[in-house]
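Report on the structure given below.
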Amino acid sequence: SSSAPAASDSAAGDDEFGLVNAGTLTVATEGTYPPFTYHEGGAGELVGYDVEVAEAVADKLGLEIAFEETQWDAIFAGLDAGRFDVIANQVSINPDREEDYLFSTPYTVSPSVVVVNEGDDSISSFEDLKGKTTAQSLTSNFYQLAVDAGANVEAVEGWAQAVALLEQGRVDATVNDKLTYLDYVKQTPDAKLAVVAETDPSESALTFTKDKTALVKAVDEALAELREEGVLAELGEKYFGEDVSQ
Amino acid sequence: MTDWQLVLDSFWPLLWGGLSGTIPLALASFALGLLLALGVALMRISRNRVVSGIARFYISVIRGTPLLVQLFVIFYGMPSIGITIDPWPSAIIAFSLNVGGYAAEVIRAAILSVPKGQWEAGYTIGMSPGTTLTRLILPQAARVSVPPLSNTFISLVKDTSLASLILVTEMFRVAQEIAAFSREFLLVYIEAALIYWLFCLVLSSGQNLIEKRLDRYVAH
Amino acid sequence: MTDWQLVLDSFWPLLWGGLSGTIPLALASFALGLLLALGVALMRISRNRVVSGIARFYISVIRGTPLLVQLFVIFYGMPSIGITIDPWPSAIIAFSLNVGGYAAEVIRAAILSVPKGQWEAGYTIGMSPGTTLTRLILPQAARVSVPPLSNTFISLVKDTSLASLILVTEMFRVAQEIAAFSREFLLVYIEAALIYWLFCLVLSSGQNLIEKRLDRYVAH
Amino acid sequence: MSPTDHERSANDGAANGGAANGSDAAGADPLAPGQTPDDSVLLEARGIRKSFGDNEVLRSIDLEVRRGEVVVLIGPSGSGKTTVLRSLNGLETPDGGTVSIAGGPSLDFSTPISKAERFALRDRSAMVFQQHNLFPHMTVLQNVIEGPVRVQKVPKARAEAEASALLDRVGLAEKHDAYPFELSGGQQQRVGIVRALALKPQLLLFDEPTSALDPELVGEVLQVIKELADEGWTMVVVTHELGFARQAADEVLFMDGGVVVERGAPGQLFTAPREERTRRFLQRILRPLD
Amino acid sequence: MSPTDHERSANDGAANGGAANGSDAAGADPLAPGQTPDDSVLLEARGIRKSFGDNEVLRSIDLEVRRGEVVVLIGPSGSGKTTVLRSLNGLETPDGGTVSIAGGPSLDFSTPISKAERFALRDRSAMVFQQHNLFPHMTVLQNVIEGPVRVQKVPKARAEAEASALLDRVGLAEKHDAYPFELSGGQQQRVGIVRALALKPQLLLFDEPTSALDPELVGEVLQVIKELADEGWTMVVVTHELGFARQAADEVLFMDGGVVVERGAPGQLFTAPREERTRRFLQRILRPLD
């Protein structure tokens, strides 16, 4: 019942949101996907673009926030099992997922890129991936992109392993988020990688189960306000040097 | 950040992850698992075919399916039948069940390795089977089972790394976080491996102490 | 797609992943690992302290560090010293080394369990230590070591799931793919677990056959 | 330590043996059963039958032992001697026949017997094994007091005092705190005997108590058993030591193929066996090279 | 099967025993060493010393065995009897002293000995153990031919023929294809003896060959050994069977504390021992209850 006094937005009612823990927004994230969700300095605080966006949203809703860190394999299983309220982990919106889940308005809009070793000119477009080998994490939508382009895809744990394979010459390319690539190049200035192709931008959003309509509505309002107030742009500046929210 | 700096900076967080996550998780699961294993071993030895059949089935399932799946079922599967268990308890339950299956066979073999004459000597001084078991058989079985049980324990210590899948922060999870941030996954994983090794060396020397103590009553 | 349909559709791909990935990988690694283990066990028994020290160290490292890290070192680490090994060979090397460490202790214990009198009986009919070992000791040690070795093998079958991390397509990898696209992790993993269990049951009955054959020369 | 007291309490259904009266026995000779033969029947077994699968091990064994009597069982390997003792001690359940010990109720094995009945049987006798079966993880003293303290609930201090007296008496005064592995075979077997005595049973059962010993150690154990016999303990002894049987036995039974082929006083049976089978067996043992 | 042939080939440094000449022996009595005592010394050991850590087990043992002679070693447990046999068979390396067998070169243990020397020692003798140590995973026949076929390179068919003859001779005609666990203790021990004989050694060493046997089985094994003795085999036997020693031994040695306390013909040593220690030991064995 939403009859609680509207002293703050939070009072809009945990009951109505059907939160896992009343008064707290329980957020699932990997914690191992920089710069979106990772630990400061490796073993410090959980930080990252997605983390701070989620924190800002919870703040707007007047809710406490609790992060549950898990692996990508388990993240949807946990959401389905009612262990989390929301996933904040660069989940990109696609029609298949939309069948099963609700999405907030996107907070990240960026293209996917094809990354190859510097000087490799055999690949210059997505079409060129046909017959080549790429390394992707199995669960990402980059995996699907590579498959669709006709590549042989090797599944790896994450970006770090994909880059290792690429640099060791065991795969020809990897497809990933442009932001991930930019961050890597920033952190590893002597990396000898190059981007040779880019897709249309895709959108990532907070992800909910189908029954969380009230929560999604409130989150969308919060995101709109944050966008309005320039908070999303600020966070983009902080992590990527640019606003990535649209 | 140089590699060397990374190794230095990661050492304490990793060790702490081990001491606050890996070790307590392993200890608690091992203690509970042993109790369970004793019960299962006795069931398995039982002449009652139903009782021993249940024990057989349990052991077979536990040993025949990947631990990873066992963890998943307890943590992600149980909620679908209305039972939601927190990460730590889930992990302890799953690992205890796992230890229970493996250690049951060890304990069973150890009990069977005590000469039949010891049971009979117990009966002949008027002991019940229960008293004979606890006073005579188990103390002798303990000696035989220390080496294989310590193997089970060492495996458990390493297997706890799977707990990161169900939201428990232990050493391997810390390693993954550091690796993700630094992208030097190989280096960090090796460092973690060395700390696991350290733990195992400490455990092995503990095992030697226990063995020595239990060996005081046999010829050397 | 209903759950039931998913289970049906996944069955053949999973089984095929098992038969074409898991089983050959496990068999090849186990065969090589056993050979290695025999050598390591003999080194470990050796009176030469350097030789037995090397064996001890190897066993300790293998058993003290997570298999995952061993896989990573071989697959991702060796290229940094100029040796690049393909996924399948990498996996077989890593699993063989792993089996070598675990089975060495089993074989050592089995060799030591053969009564000293058998060595002496061999010497006294003029046999060299090598002939005594192969003709007399190992055949008897084989009997004792079948149950623990089959445990090692069953563990190996399940551990091969880690090979998916270094790009080998085996059953667990297939399960991950199906799960990733259907997002029915729990269901698919349980199905995979049941197939692992099936494999283990088949292996166990194979073990029983071997034990029966080796037991023909002892009183029942 | 009086079998008479023991009998009384055992008949009351309690399992505390002669413990209630044990304190005054500690001063007396600890080996003495405190009772002279009174010719009453202590053990009566009739028609004991036992098969393992198709193997009919005991066909119909009758056995009567009077108080203070020593009965020796001899016979070839596999003739069923051990099975007889185990049946008397409740370690084996015969398929038929009756056993009564110390005038207690007669157990009929042709009907299923209860746990309590089996325990009553066991309480009245104590067994000394060929392989002694000492508890390797306990010291000598702990081995001996385990039964009295855990089963008969004798206070620990008294059990220890009594055990010490018994151990001293059989020449093990120095060995109270030794572990079994630190003893010679003969010493281990003597501890086994003391462990049985400490239970104050009415009947002592010995199953080849010296056959696992080095020949020079046989004497010390037989000596102890002979002293027990001389002091009036009732016992059934399976042994191949015919010299011992000749000196200590009141009656010798020769078993073969699950039946008692011949029984008699040792003087008669050893010198003038009535049965050809007995003669051949004795010959094989006494003059193996003829 | 001629120890003389064997000696010749052994002196050539080959390990093929008397195999070269074995075929014509198959027709003859397979137990016979094919040689009468010729009074020449077959084994000569002088001043054998051996310590295990601080425990001086053999102090200075001298031993001389002539061809066809039977020497029996007796003595209390731990006196070093087994260690003597093991030293003669190269299973143990003494700390000092010399051994020569069959006139071969004398081995001096005060200097390190080579592998070849140890093997030569072993080739000239064969040992029968108390616990028989048969190979449990091989049939009786396989047990017996293992040495000739694998070590002495005798063709398998001939080895089998010879082994069969030997087995038949000791009453095991029916048991060629049985596994050891299917045999009685006495049968197992007879296989152990045949396994030693099949090597055609010049010297047979027996270490308490009957002490692990049931008393009624002792006779059958002693009988076989006695026949070997009667037929001229040279042997050193450790045993507690004084009756056997009396009938079969040419010389008896009594050991205690690592030295030979007394030696003599059995008639003298058993009836009129010169040493008090010998007397006490014989008394303990022969009349344990006095």
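A, B, C, D and E are the chain letters, set down in written order, and residue numbers restart from 1 in every chain.
We take it that a residue touches a chain if its C-beta (ideal position, glycine included) is under 8 Å from a C-beta of that chain, and two chains touch if they have at least 3 such contacts.
Note that the structure is predicted; figures quoted are calculated from it, not measured.
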(request) Return the chains common to the contact lists of chain B and chain E. (result) C, D
(request) Could you compare the number of C-beta pairs in contact for A-C with that for A-B and name the larger? (result) A-B
(request) Quick one: report the Å distance separating chain B from chain C, using the average Cα coordinate of each chain. (result) 20
(request) For chain A and chain E, let me know how many angstrom lie between their CA-based centres, rounded off. (result) 84
(message) As a quick test, compute the distance in whole Å between the mean CA positions of chain D and chain E.
(response) 39
(request) Find the geometric centre of each of chain C and chain E from their Cα atoms only, then give the gap between the two centres in Å, rounded to an integer. (result) 46
(request) Name the residues of chain B that each touch 2 or more other chains. (result) 72, 76-77, 80, 185-186
(request) Can you tell me which residues of chain A touch two or more of the remaining chains? (result) 73-74, 77, 80, 157, 161, 164
(request) Could you please write down every pair of chains that are in touch? (result) A-B, A-C, B-C, B-D, C-E, D-E
(message) With touch defined as at the start, can you tell me which chain C residues reach chain B in the complex?
(response) 60-61, 63-70, 72-73, 76-77, 80, 151, 154, 158, 161, 172, 185-186, 189-190, 192-194, 196-197, 199-201, 204
(message) Which stretch or stretches of chain B touch chain D in the complex?
(response) 115, 117-118, 120-121, 123-127, 131, 135-136, 139-140, 143, 216-219
(request) Within their complex, state which residues of chain B touch chain A. (result) 6, 9-10, 13-14, 72, 75-77, 79-80, 84, 164-167, 169, 173-174, 176-186, 188
(message) Quick check: in the complex, which residue numbers of chain A touch chain B?
(response) 30-34, 38-43, 68-71, 73-74, 77-78, 80-83, 157-161, 163-164, 184, 187-188
(request) Mind listing the chain E positions that touch chain C in their complex? (result) 15, 89-91, 119, 122-123, 126-127, 129, 131, 133-138, 146-147, 150-152, 179-181, 195-196, 199
